[in-house]
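Two complexes follow with subunit A in common, the first pairing it with subunit B and the second with subunit C.
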Partner chain A sequence: MRRDVQRLIFLLLPAGIFFAAFFLLPMARLFFIGGSGKTGWAAYAAILIDSHYLSSLISTLGVAAATTVATLIISGISGVFLQRHKFPGNAALVAMLTFPLAFPGVVIGFMVIMLAGRQGLIGQVTQALTGDKLVFAYTLSGLFMGYVYFSIPRTILTVMAAAEKLDPKLEEAARSLGASPWRVVLDVIIPGLKPAFISAGAICFATAVGAFGTAFTLAAKINVLPMVIYTEFTLSANIAMAAALSFVLGAVTWIVLALARTAAGSTVAAAG
Partner chain B sequence: MTDIGKPLAIALQGCAKTFADGTRALEPLDLAIHAGETIVFLGPSGCGKTTTLRIIAGLEEPDAGGKVLFDGVDVTHLPIEQRNVGMVFQSYALFPNMTVAGNIGYGLKIRKTPDGQIRARVAEMLAMMQITKLADRRIDQLSGGQRQRVALARAIAVRPRALLLDEPLTALDAKLRDTLRLEIDSLLRSLGITAIYVTHDQAEAMALGDRIVVMEHGRVAQIGKPREIYQRPATRFVAEFIGTMNRLTGTTQNGVFSCRAGDLAWNEAPGHATEILFRPEDIRIAESDEASGLHGKVAAAFFLGDRTRLFVEVGEARPLVVESTARREFNHGDAVRLSIDPRGLLVL
Partner chain C sequence: MKHRGLFLLQLGFTLLVSAFLIVPVILSILAGLTVNYFVGLESGLTLRWVIEVWTGYRETIFLSIGLSLACLAVTLVLGVPTAYVLAKRQTALTRAIEELLVMPVAVPGLATALALIVTYGSVSGFRTSWAFILVGHVLFTLPFMVRSVLAVLSAIDLQTLEEGAASLGAGFWSRFRDIVLPNCRAGILAGSLMVVTLSMGEFNMTWLLHTPFTKTLPVGLADAYASLRLEIGSAYTLVFFLMIMPLLLGLQAFAKPRPVKFVAEETE
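Presenting the complex of A and B:
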């Protein structure tokens, strides 16, 4: 028994070292720096009390959550479609859908401005149609649009890989039992894709929480945590506050992802 | 046992199927399936048997001009979800996100049956398939045989008009296959439901089918009762696909068929017969002092307990397969004399 335990510890060592070096130690360091400023540990309290910080935390999580949901819906539908229907140009289209991965956030921000900015396409069209110019590039909506754009590639590839493994016989069995196409989606396809949705959604959410380039390009009114941290760090030189915000950003993201995984896991267990 | 409504009569009229890539999976097929009968589609893979089943199910539409009739009503363009047919697949196709009971009750849930009735029906199905203990199990905790019982229960729970089974036993091991075959047989008899069963296994087809449809290259080779198919095969393909068939080549003259191994008296021999076919059980190993019969040499002998399976060299391309219940021992190289029951002789 003792030997087994020793061996187990030994085998866990690489993961342990990795976990300590890239997660525990940096987080601990951030945590202490966060408490070392003029206001001491009150920096952490400020995040929840100061409306500027709190609202940026909420809008960061909100945009990330909305991005995740929108991306999963779009990628789920198109991923299954692209997997199921092979048409001429299918491969080219899939390749095209994946190439936003290559763009830096700045380019994506620039594209959002071209589309929904003051001189953007949407602005021109709406002005011609209604007389009012619709401009939303410089707000959270613009940011949301950019995030969805660069989240789709990762998600769609995961969904397509999972859709390939769906057993078409399951859908046929459900239909033979009287399930309408919509019920088949609900009872067979979505449960079948759930693991893919969870892992792709987690990556999508975490990326959207931390993305900086796009927000930085759109700038102005956008108040998301990475921007606030940047401002505190470079412009105000309030290193303690930047560290505290970073720590909270990391911790909150981790908690949300852990909760999502647990919820998903328990529904799987409950259903099974 | 369980109330299935009046059994369904199914008719196919000119049902052909050509796939998008141009392959012809099924030549135009006319077939009447009687209410309450078990019909087996039998043939090698790619013969069109599964395509036919899928056309009946509503998973495929026949090419233009083909018609599927349920009790005389045209259902050709009715999708499967509105046909009320139960399906059982080779891969079981159970929903992994539901329990055993959830799977069995799924069709009833879709039909918005009240919860109490679903529970009662599921309990009835579980009892019928003798899997009551498994009700709350997850699908991945079941063995193959248990899974197929659940799949059967799920298909029957909704009281389908017909039951369609696509190679339901193929994924199981031999012993389980025999057990489940018996269970399916008694299930189909007790339900009195119209059943369509697809298989490439002739033993399954013979055991289960009221009638067998033997298929080859998208065409029906023969339709008939198992006994007819076995004893009076219509084509060479049927003769060789079902059971074991021996072949002798030679000439016929004055009621005697002559081949390399000797002469065979056969009064009804058609004059043109240059090749005769017969089953292993129609050959008898003659006592050594009998003068008549064919000469042969034992090429291989397999003692199977109740009988011995012999391969006898008679100067033909393939040795004859002989089943002998004689209590003697056979060795490689033994000279034997064979007599053949003329009633078992076929010319195709």
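Presenting the complex of A and C:
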């Protein structure tokens, strides 16, 4: 028994050493460097006090919240629909909806430019229709569109897996008791999918808060926290501030995911 | 007939969503093969942009392939034993370890990259080598390997299998080699595809970790989007699509049986 435990510890050692040396230690160092700048530990409070940082924090959280809501509504409708109705072409639709699953943020940004950029499809269509060219790729709306694009594939997969486990008998019972389709959705389907919505929504939110590639491709002027950290680090060489801000950003996303995990039970573990 | 209307409404919506995801992909593929995208397809099709990408950026492609394979090797060595221990002992301690391992996925890549730079940035031989990027990629992908293997190991009755082997005289290491590893083959395969795909596309960390001599494919893409004409950016994206397509198809093929397993588990 003792030897067994020793062997298990031995098996954990390589990952443990790697993780301690390249994650725990650097994160601890990042935390102390965050407090070592001109303003000292006050750097950690600056995110709430300094109006520049506060406004970027608010727009970051705003975009992330909007992304989460939009993605959950879209993926909820399409995910349940595709799980419930098996028709010819169903598999092709699922394949199309999950194709962008592994696109990096930069490529997502480029997809937004293809749609809403200066030479984009939306611009051409609106110019033909109204004479005015609609271009919004390089703003917060473009970023929102990119994050929704990025989040739909993984959210649809989670919703579909959860919808498969829903018991159709509950819906039949509700219908036989005279519930309208809308009431069935509100009272049976949405409560049944709640754990999946919480876990998928938390992942949407956390990625939208921390993502950098999409904003980087779209425009350096988009005022979200990851871009602010990047400019503090590279242009202003204010390493302490960059460290403090990214430590706070990391803490925010980690807390959101941890809260969701407690709220949704063990389901989050399968969603990553 | 009300039912049918609802069905068509949902179908229409889902088609719109699919179009939203797929149309820009098609547009960018076309742009990469068009002589002048601003003029349109009438200007003719060409491979000129793809060739320009190949001559200008092929090092980034080779580096990304090498990096993702090295990342796979490291995550296998670190991740499979970890998953085995986590499957074997389910205590508060192992749950805490699992939680910790997932942190690099939860924490934004930018923060992890900054932490690595402030800690190891002055180790010059390390900072300028591709191993520096590898460390970041391993941190980010390791949880996916561990979870994928752990999911398979938790679904089988490891205890009984190992006891059976032990009663026949198999020692710890031969049990690990002959019972545990073959049984988690499916998890290792799915995890490997995931690790390679993620490493190939990682940008958030890599953008800060890279040097002018260690540019990966997504770093090159960002470069091309920022400074070159739309057609070259598109052609480069096309090359990226071609590289991740087989990985994605593999992932879809292996990810499919999983939901079935969830149901089987519950009815037990």
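Everything below uses one rule, namely that the second predicted complex is superposed on the first by the 223 of 272 C-alpha atoms of A that agree within 3 Å, B and C clash if a C-alpha of one lies under 4 Å from a C-alpha of the other, contacts with A are read in each partner's own complex, and residues count from 1 in each chain.
Note that in this section a contact is a pair of C-beta atoms (placed from the backbone, for glycine too) under 8 Å apart; a residue touches a chain by one contact, two chains touch by 3 or more.
Only a predicted model underlies this, so the values are computations on that prediction, with no experimental measurement involved.
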| item | value |
| --- | --- |
| Partner chain(s) touched by A:8 [first = subunit B, second = subunit C, both, neither] | second |
| Comparing the two partners subunit B and subunit C, which touches a greater set of residues in subunit A | C |
| Partner chain in contact with A:187 - subunit B first, subunit C second, else both or neither | first |
| Which superposed partner A:223 touches (first subunit B, second subunit C, both, neither) | neither |
| Which of subunit B and subunit C A:177 touches, first, second, both or neither | first |
| Partner chain in contact with A:169 - subunit B first, subunit C second, else both or neither | first |
| On subunit A, the residue positions that both subunit B and subunit C contact, one per complex | 272 |
| Of subunit C, residues touching subunit A in the complex | 6-7, 10-11, 13-15, 17-18, 20-25, 27-28, 31, 37-38, 77-79, 81-82, 84-85, 88-89, 97, 100-112, 114-116, 118-120, 135, 138-139, 142-144, 147, 151, 172, 197-198, 200-204, 207-208, 218, 221-222, 225-226, 230, 233-234, 237, 240, 244, 247-248, 251-252, 255, 258-259, 262-263, 266 |
| List of subunit A residues in touch with subunit C within their complex | 3-4, 7-8, 11-12, 14-15, 18-19, 22-27, 29-30, 33, 74, 77-78, 81-82, 85, 93, 95-107, 109-115, 119, 121, 149, 152-153, 157, 160-161, 164-165, 181, 206, 209-213, 216-217, 226, 229-230, 233, 239, 242-243, 246-247, 249-250, 253-254, 257, 269-270, 272 |
| Residue ranges of subunit B in contact with subunit A within the complex | 57, 59, 79-82, 84-87, 89, 91, 93-99, 102, 106-107, 110-111, 138-140, 151, 154-155, 158, 164 |
| Subunit A to subunit B touching residues, read off their complex | 167, 169-170, 172-180, 183, 187-188, 191-192, 194, 268, 271-272 |
